[in-house]
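As written, the chain order gives the labels A, B and C, with residue 1 at the start of each chain.
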Amino acid sequence: MSASGIRAGHRGTAVVTGLGVVAPTGIGARRHWESVLAGKSGLGRITRFDPAGYPVRVAGEVPGFVAKERVPGRLVPQTDRFTHFALAAAEQALDDAAVDPQALPEYAMAVVTASSSGGTEFGQREMERLYQQGPSWVGAYQSIAWFYAATTGQVSIRHGMRGPCGVLCCEQAGGLDALGQSRRLLNTGSELVLSGGTDASLSPYGLVAQTMTGELSTADDPACAYLPFDAAASGFVPGEGGAFLVVETATSARARGAQHYGELLGYAAGFDPPADSGRPPVLASVIRRALADARLDPADIGMVVADASGVPGRDRAEARALTEVFGARGVPVTAPKVLTGRLYGGAALDVATALLALSAGVVPHTAGLDRAAPEYAIDLVVDRPRPLGPGTALVLARGHGGFTSALVVAAGNRTDVAP
Amino acid sequence: MTRRAVLTGVGVVAPGANGRDAYWDLLAAGRTATRPISLFDATGFRSRVAAECDFDPAAAGLTPKEARRMDRAAQFAVVAAREAIADSGIELPAGDPGRVGVSIGSAVGCTMGLEEEYAVLSDGGRNWLVDHSYGVPHLYGYMVPSTLAVEVARQAEAEGPVALVSTGCTSGIDAVGHGVQLIEEGSADLVLAGATDAPLSPITSACFDAIKATTPNNDDPAHASRPFDGRRDGFVLGEGAAVLVIEEAAAARRRGATVYAEVLGFAGRSNAFHMTGLKPDGREMAEAIRVALDRARLDPDDIDYINAHGSGTKQNDRHETAAFKRSLGPRAYEVPVSSIKSMIGHSLGAIGSLEIAACALALRHQTVPPTANLAAADPECDLDYVPVTARAHRMDRVLTVGSGFGGFQSAMVLGRYDLDSKGEAA
Amino acid sequence: MAEFTVNDLKRILYEAAGTNDDVHMNGADLADQRFTDLDYDSLAVLELSSRIEREYGITIPDGDLSHTMTLREAVTYVVARLAEVKV
């Protein structure tokens, strides 16, 4: 055994037995999936505060989320909204997987989450109290609500999971990295990992900070605000929420008699060199490594869930990587995140969507787009869902600063969520 | 052949010590770097002492442009990374940049920059969002802690896996553990791993005030951090960074690298008990230690030194003492244990990497750094904590541990590389 | 001078640390429950203390209120502190 617990020659199978979703497309995997198939957008004018006067006014908010109804009452004032989302999604995922954590070995269960910006709203409120009233007005819960590990800690406590818990902050790529890490843990002694992530940065300060990148859409019409790969693309729309997945060893799932949505088959991560380095972005090579890890060829992939930045230069770079690996229009590409906005640590939702699509045997469409700009030479699925070819999906995510991750999933034997 | 990870470069920015050599001098001398807070006006705060870095970005080699862009935590990380790279003797880019990874830990990310900009945008808290155009262009980089890993990746010219690990106060040990795993599993041949935190700002100080975790001993700053002492009354907040060059052992040997230590075992466990509270029995930390030893294929008797978490809070030091006894049995009473937080304070996520750096240097110098300020131990803390004065001590393998908000408990075993190179690593 | 009753304590405690619907926080028994019996931990009591300090303008030294106290003991303590202020 190695220092980190890797056993030579051992390579387990990681299957996803449960999904939990809290997203602008709805609360619950079923509602989310129905929205995806119907092309029902969760984007709209921000309602949590008055966005007039902010350069960005459209976002994807989770509709009808009342923390008191979905989170233990004690935890509501003690945690930020990003943790509220996570506690709700984690519970759903465990229910969906029919896991009783008390029936499993405590140290063989872990929680690994992605967070991009932590307890933004909580933190702003406490800073306001500090600056307006003084240090003694900062609440006791600031110390456990604001930091990026708040969610993993609370979920671990709530469900009694005492294994190697973790938190990865890699902006949008973190949502895939958390799942990649959960797969590692299953190879080093863990049996079940509750993994995924949420973010909730649609607070006043959180929004201002996001606008500083210049990558957000300033459009007021939600229907025109987030059009990745379109000739009219003008940036992206930020969203909130995310997803949790129960990732288990095949042995553990079998022992419980659990069906699964699919398998985490391959994963790779890389990092873009600076734009002025003259070196190409790493996306194509990361895709190739993820495919190699999955022991698949490009032709084996049934669909690509794109990162779909909506920033023209980044759309171009993604399209170039896809044509480099798959050939021009060589694979169906879709971007269901046009319905939610970019969820940052919540990017695990794209993996949940991919698994639901594999279960249903369809490639969901990118709603609201007529077609991809011809120069990109990608086969973007628009208008309506399309029958799926091979039962595998490649999910891509790129995080601010250069993070680049790819995850390959294969269809499982569970079909009960697909309408 | 099993891939092993070795430490070949160390870079440090610590309170009272800019750079690796100054850091070891401070630790070996048992000097404390705690003092009244000077980084902000702490009037009205409960705890007004801290372990601060005397850090001048220009003197540390950062350009004005870098200093403007980077929050203090990022500046620490970049300076430590440069020192580590230089120390390792490796020329970057070396070979395929896709084989170079980064794993940086941080508990609170770029909090300082985020708070400073909040004050600007809200006119000192009086009036939120006077004008959003007052925001600095890199404000988003302060909101997302991943920026810290981005800055280090630029130093390493890394194109392999890059991650920011944020598990509270175990971030520093977990980030190095993550880097080790990247090497062992074959995702990278070289990883810059470490951690950074710069929490000495009003909001972070206030939040520890609110839960009375930091010391109220403002009258005697030099002796305020008192791990294992009967008169300890909370931790002293610190800041800093340590970054290590970790290489695949065979590659390091091929290029003739000087190796500080090999990472022999690493494990993390969570207590799933309370976000800040610890059970007195140390059960989950003991389990992390047990698994780390198991992965290292070592027995308790093989451990020659324990670098403790030793934060100096009432509950931590007892929890940890119990964990050592529970996991190591009689060996816990024989092996020297010390807490360098007595000298450099508790820099949250950064401290785990600073402690690994201290272990690497302790192995090199065959000297145990002391627990400063330990005058009369808590009767429930009855191990050999190496009070006040460093001790020459034969060490082949050492254990370092961490414990953090959220319930995280981590353990890592490091060993002199020349021992194992006789065995299977060759 | 402001009075301080179990109801005041309850109100501040709910705001500070939340409440679960399944916990009945009414009835005469409540005052004799310890904070821990009601699942309020040390952080909850720290937050409660600092809110009482701010609202009632008193100082509560470290450790005077603890999660192992009953609500009635806490109320008695606060009433005594308020009386000191009045004098």
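Operating definition for what follows: contacts are C-beta pairs under 8 Å (C-beta built on N, C-alpha and C of every residue); 3 or more make two chains touch, one makes a residue touch a chain.
Because the structure is predicted, anything quoted here is derived from the model rather than measured.
Interface comparison, A-C versus B-C: the higher number of contacting C-beta pairs is recorded for A-C. Comparing mean CA positions across the assembly, the chain most remote from chain A is C.
The mean-CA centres of chain A and chain B are about 29 angstrom from one another, to the nearest whole unit.
Chain C has its Cα centroid 38 Å from the Cα centroid of chain B. Of all residues in chain B, those touching 2 or more other chains are 210-211, 274-276, listed in ascending order. Residue positions 43, 46-47, 50 of chain C are each in touch with at least two other chains. Contacts with at least two other chains are made by residues 136, 139-140, 144 of chain A.
The touching residues of chain C, when paired with chain B in their complex, are 41-43, 46-47, 50, 62.
For chain B in complex with chain A, the residues that touch the partner chain are 2-5, 44-46, 97-98, 102, 107-109, 114-115, 117-119, 121-122, 124-126, 128-129, 132, 135-147, 149-150, 153-154, 157-168, 171, 174, 177-178, 180-181, 184-185, 187, 202-203, 205-211, 213, 263-276, 284, 287, 291, 294-297, 404-408, 413. Per the touch definition, chain C reaches chain A in the complex via residues 15-21, 39-40, 43-44, 46-47, 50, 53-54.
Residues 210-212, 216, 274-277 of chain B touch chain C in their complex.
For chain A in complex with chain C, the residues that touch the partner chain are 72-78, 136-137, 139-141, 144.
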